[in-house]
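Both of the next two complexes hold subunit A, though its partner changes from subunit B to subunit C.
And now, the complex of A and B:
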């Protein structure tokens, strides 16, 4: 569980005038889905009224949620049929438990038959829920297989990452299995979280209280600059909606050519940046004149910076 | 069983499987054909470099153009926990490795995992759990997180967790609990030759992911199958 204490997110009052101006980071999973899709089109499956709750949390004397921290269903995005899953980072850090994971797996399996124009996964997760670790871990493996099956069938799977829990642990591996990713400043993508690294390897290896270090090592801008994400979004629902529509229209196939290209891309990254200690060194090698200024750039200025660099957009995923 | 024992049992006529820096690759004869072997040995942590090497090996098997099955042997630590690995995008490297295994399987190279030692977390997901069928050997010790770490995170006393672990397979480490969850399909017999057992598992493979059904039948994941099936039905209509 790796939620930050603070984040470089603009004041919410500036943006909550309309539903799509709503802050992604501040919104709940249900608010995100409702504001992301065409108004009134979302139909939730196995909603909270069904009371599909964790059978395991009572053993740990922990409260349960009627939806086990994930919202799944179908709706429309600019008229296009989409399936949607949204994790609720405010319940158990959005972590994968047995019911939580099974809802996502079921949605992905359904999409193989119904063939929507895309599946959207709104990640907000610290990874596996330790109280249900074996079920969560296995569900992550099932999710990755289901995503691979869908992609081979030609259905794009788009990940949207900008929630308070970030996208950690097995969530990071699922994100890496998606066709495309859009990420905001608040979205962090990583396997081991800062606290996990510090607990296991010491504060000399990773000082989890150094929030600036967390953002520039795992944050959205670094992932966009190094090829780990395909779009960088302002922290608004409107920005994620625009990005989702764009990305679902240009999703790469999952085939041998794509994975050979990804292999080459990842090998090149190791060769080029493998000796870097800090993200600012990587950004400097990318040709950015003032790497120290990157964390402070607005989304618009950041997009301008990305547009001037080579190799930022690729299909090797 | 040690990796050497496993390879000797699998390939009594000899093999060309090597271990370099804790990473396993090579092949040996199986029946009338051959079996490719990749994996992790010596409880090695899986970082960006190792994952990238293993995915290259898997892609090389797929590029060969035949239908060689792939055995993924695993005795690993968790994912390597370091600032450098996360800076370089470990999630992409681990996901890429998993995708190469998933693609290989779909492209006609049956993938069979064999957990014979430890494994945990991201290293487990990217290797053994990305195969179509996962087998274990007695004494294997897969986990998501060890109990002392679970105790730290959940703030429950270790003794309490140990007592709970005895009758609650859903969170406790160990091979038996991963079998109960359906993550591990079968446990092999170390006293019989492994080659025929591996061949039999490969021959029995179905196309579908049956892990949630196994978890229901074995009691380790009591509700996942039913929940997934309900959502699949309700979300699947026109």
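And now, the complex of A and C:
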């Protein structure tokens, strides 16, 4: 690693030399929050020492986490007051349980009173935790309601998606209610995951082992190209920080005009791409000359490609 | 689920003034360690919750080795285990002690 012929690609130590240079994908929820916000500004609510843990997991002889897999609190982003929730994708796939969900709902409801400049949700979730599914499903619904209330009050809710669990199941539904979304190559957004689709419809319908298929169907670039996300970023904390600040500044209102625009956009999208059998067909129809090259593009080149296409930016979600 | 608590006397309090720290994640082969500076300077407790039953002797040995090496006086240490190997447990405990040695 340190020899004279070492690769020009920065090694892990170099990339992690500054906290914001660290990989978002590889970082834990706590590392993401600490590096994303202005240094030393994060104040956690219901921290691990409070031991707000799942009351259900012991019934299944499963280990609990002191924070139930989500870190919530307040801090500052470039001096602006923000509320933050970060899911830990490595604990039970970042899935929503009763306490996990209640912490997110509580943060959102509290933000209606404290009125931060934005709420940031660092998604990293496979959806609802099966061992406490009823409570988890309820939490998903309550979260979507709380986001709608908060957005109607004029507080933007920004989703940042780039973790190993992606943003699936109820997490994908919640993402759909956010004001703006930023996603990286490793981040994926969907409701049913690849293995769920394969289990129900067969490998002919969706081969979950085909990583390229998974990424080009649910990955960050495709979501950006089809209007499912508003920014595509490199897999660094710095890139997500820049994207969050940018998106906070241009979040749409949640009003009738936005909803009608979204309805019209979705109808047009279905009419335009409804018969496509693969993401590359959609990209081709969007006017991309070499759709096969899209997965290999760097974030910078990809942004250049998006800038040359019509209708990529819209205020509806 | 098996739980156990080990109580140790230490020769000195752990350096630093940080009140609490957490390291690791409850994932397969991993664990989280929560450290709180809440005990008298000559005492340390280690509480463990693990879904893998029957390894109490190994936990006791790993905990005793850690206390002898780090002298973590004053710490209440709580562990949620996800099936970590003993060397991983040792590593996390020492990581946690190092975090606590920082100034608040």
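Just so we're on the same page, the second predicted complex is superposed on the first by the 303 of 317 C-alpha atoms of A that agree within 3 Å, B and C clash if a C-alpha of one lies under 4 Å from a C-alpha of the other, contacts with A are read in each partner's own complex, and residues count from 1 in each chain.
Throughout what follows, a contact is a pair of C-beta atoms (placed from the backbone, for glycine too) under 8 Å apart; a residue touches a chain by one contact, two chains touch by 3 or more.
The structure presented is a predicted model; accordingly, all values stated were derived computationally and were not measured.
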Superposition on subunit A - do subunit B and subunit C clash or fit: fit
Subunit B versus subunit C as contact partner of A:32, first or second or both or neither: neither
Which of subunit B and subunit C A:164 touches, first, second, both or neither: neither
Which superposed partner A:224 touches (first subunit B, second subunit C, both, neither): neither
Touched partner set for A:173, first subunit B, second subunit C, both or neither: first
Which superposed partner A:91 touches (first subunit B, second subunit C, both, neither): second
Contacts of A:241 with subunit B and subunit C, given as first, second, both or neither: neither
Which superposed partner A:63 touches (first subunit B, second subunit C, both, neither): second
Of subunit C and subunit B, partner touching more subunit A residues: B
Minimal inter-chain CA distance - subunit C and subunit B, angstrom: 14
Subunit A partner contacts - residues on subunit B that touch it in the complex: 48-49, 52, 55-56, 59, 62-63, 79, 81-96, 98-100, 102-103, 106-107, 121-122, 124-126, 129-130, 143-145, 149-150, 152-154, 156, 164, 168-172, 177-178, 180-183, 209, 211-212, 215, 220-225, 227-238
Subunit A partner contacts - residues on subunit C that touch it in the complex: 1, 20, 22, 25-27, 30, 32, 34, 36, 49-51, 78, 80-82
List of subunit A residues in touch with subunit B within their complex: 1, 45-46, 52, 55-56, 59-60, 72-74, 83, 98-99, 101-103, 105-107, 109-111, 113-114, 128, 130-142, 144-146, 148-149, 152, 169-170, 172-177, 189-192, 196-197, 199-201, 205-206, 217-218, 222-223, 226-228, 254-256, 259-260, 262-263, 266-267, 269-270, 273-274, 276-279, 282
Interface residues, subunit A side, partner subunit C - complex: 28, 30, 47-49, 58, 61-66, 88, 90-91
